[in-house]
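Per-chain numbering from 1; labels A, B and C assigned in written order.
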């Protein structure tokens, strides 16, 4: 059942996929360090002049709309075009999708670019599926169960794997659904921890052919690292370094053993 | 005397105010993590398309001109307009205000947008009040006492609470003045620690009605966390995580007891 | 032989040079904290309106093309012009120089601005000298020995000191060459650790008259701090704080004693 978790951990470390990130300004450093800790090779660029070329060179593309600007949108669309032309998977993180009219518009436009995977919190997935406003800024105000129905509908409509992360994480392609019980509340007390998870999903999508398994496996591995980090951390500050330490030392068999995927 | 310190710590944690930050590229991650550690909910965006809407949705707005660009100025002005229309308090951090002609111009323009609170180091407050150049880049070359007179004049002229942070911090509204003796020199060895304090003042301004108390209380709480972090830290690197850990575990009664406000 | 290492460590701490950084979005925080830990005073700005003025005010300028955009290029060119007019040394970090056509074009344009020092990994220096593509995104796919010939040629052609960092670091001005054996593999598992080293070279170039010694000394000091940090760190996450702690407590005689420069 969790053989793909071991496989993903090991293949990311062995194949060191290049992951191109068009991401937000708060998430850049943590995303890069999470990718490196897992064994992947990150590159960050939102320049329209090269974003398409980088996406095509990479094993996967991650697009995160946390700090949205016109220039960023231009770069993200060039990157998506590059990834699609090259047949590379791309992952959308619709940060704060329901928070403002501008975000709703850009999220819908990016969704039309056919991401293979979408990861958000409950408010974001609800906003993406229903076009509704919601959430408190970039933080969710809804439980992930509340978003399960929206996730299934969105997965079917967008032909994408959709992940709703929260106390329990849900990953669905509209027909098959995984629930992952790994993780720790300190993740919610670390800025950009969700964004960095999306980056990690990108690395897994670059090495595993099944996007549902790549998404569920990356979420489980990240949650396991968080559980181990929480044992060592003295609070939300020291948790970040401990998370990277734990992710960097996680091996495939341990990940498969500790994964709680149903 | 320090009852408002306990009240602020507890209300930020309980009410979890949304704080919108139009801030600089160096300060984003630390500011977000300081807000989260204290219990607030940060959002970061400088896009003119949504900055006004986000400021209106938030409990407070924080504008920090550390890495100044034309696009950022446009976003900051949209955010300030949104905050003013919605009657939300906003806090100005005039980073490096005296360092260049461009900074002097933008600082003056932002000040005309009527911030409720201004926090800077001595060089910045002197530059803001006297239109003079000074400081060494973004670091102060003047003591905070030297800036006390300028702070009082600026507070009266701008009808704002003005905080000058340094070895001893001074907070004034032009008539009442607090001096806060909490803090630790390791704060000066951490990039963006002042910027992150300004973000925290934003969270306090969202929950406490008196901006003088909100400013003094946030400065005291942050200084107390720094004192505790310095006991644990091995140097300027490990200090950052320890600061967030300490801020995350600070409770109201402890903060009130340790606050050195005169 | 390593007297200049002691001198550099001590003079950066005593003179606290202002170092202006036009750098990338991932590297900003770490670069600033590395500069502060070493005793320098960082400023970060890529605004064309002030970049030239800041470069002229500073002891040195560092230009890092990690996250390249049109606006950034405009700011970098203004900063370079300011540094040149004021006779200040400037250091180029050609991140991912061979990764895309856009990067090759901008790297060549910046090189024409006559940096005093260039620091890159083997793939970047090869790309800069031969105009060739290469590297895997921003990570090197070549050893530093492979790039030694290219470094000598580039140093002669550009009349600059060229540093190729890797398992063993090479620094050359085309006639004299140093090899530095300090460092630790955990540096390769920390995003922007090379960028932050380039920033540190800027601080050394501001205080030492010989750019070859400034470059070799900064690389040795940084490598020594990394060695000490690796003894304490539990992995790639806790390494970052330990690196800053070690850099902050490094004194001149210790650095001279531990430097492995040939």
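Basically, contacts are C-beta pairs under 8 Å (C-beta built on N, C-alpha and C of every residue); 3 or more make two chains touch, one makes a residue touch a chain.
Quick caveat: nothing in here was measured; it's all calculated off a predicted structure.
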Worksheet item: Mapping chain-to-chain touches, which pattern fits: line, ring, star, complete or other?
Response: complete
Discussion item. Same or different interface residues for chain A and chain C, judged by whether over half of the residue numbers are used by both?
Written reply: different
Worksheet, complete the sentence: So, in whole Å, the Cα centroid of chain A is separated from that of chain C by 32
Worksheet item: Which parts of chain B, given as residue numbers and ranges, touch two or more other chains?
Response: 25, 29, 71, 240-241
Fill in: Residue numbers on chain C that touch chain A, as the complex places them
24-26, 29-30, 66-71, 96, 99-103, 136-139, 189-192, 233-238, 240-241
Worksheet entry | Sites on chain C touched by chain B in the complex | 16, 18, 20, 25, 28-29, 32-33, 36-37, 41-47, 49-50, 53-54, 57-58, 71, 75, 232, 240-249
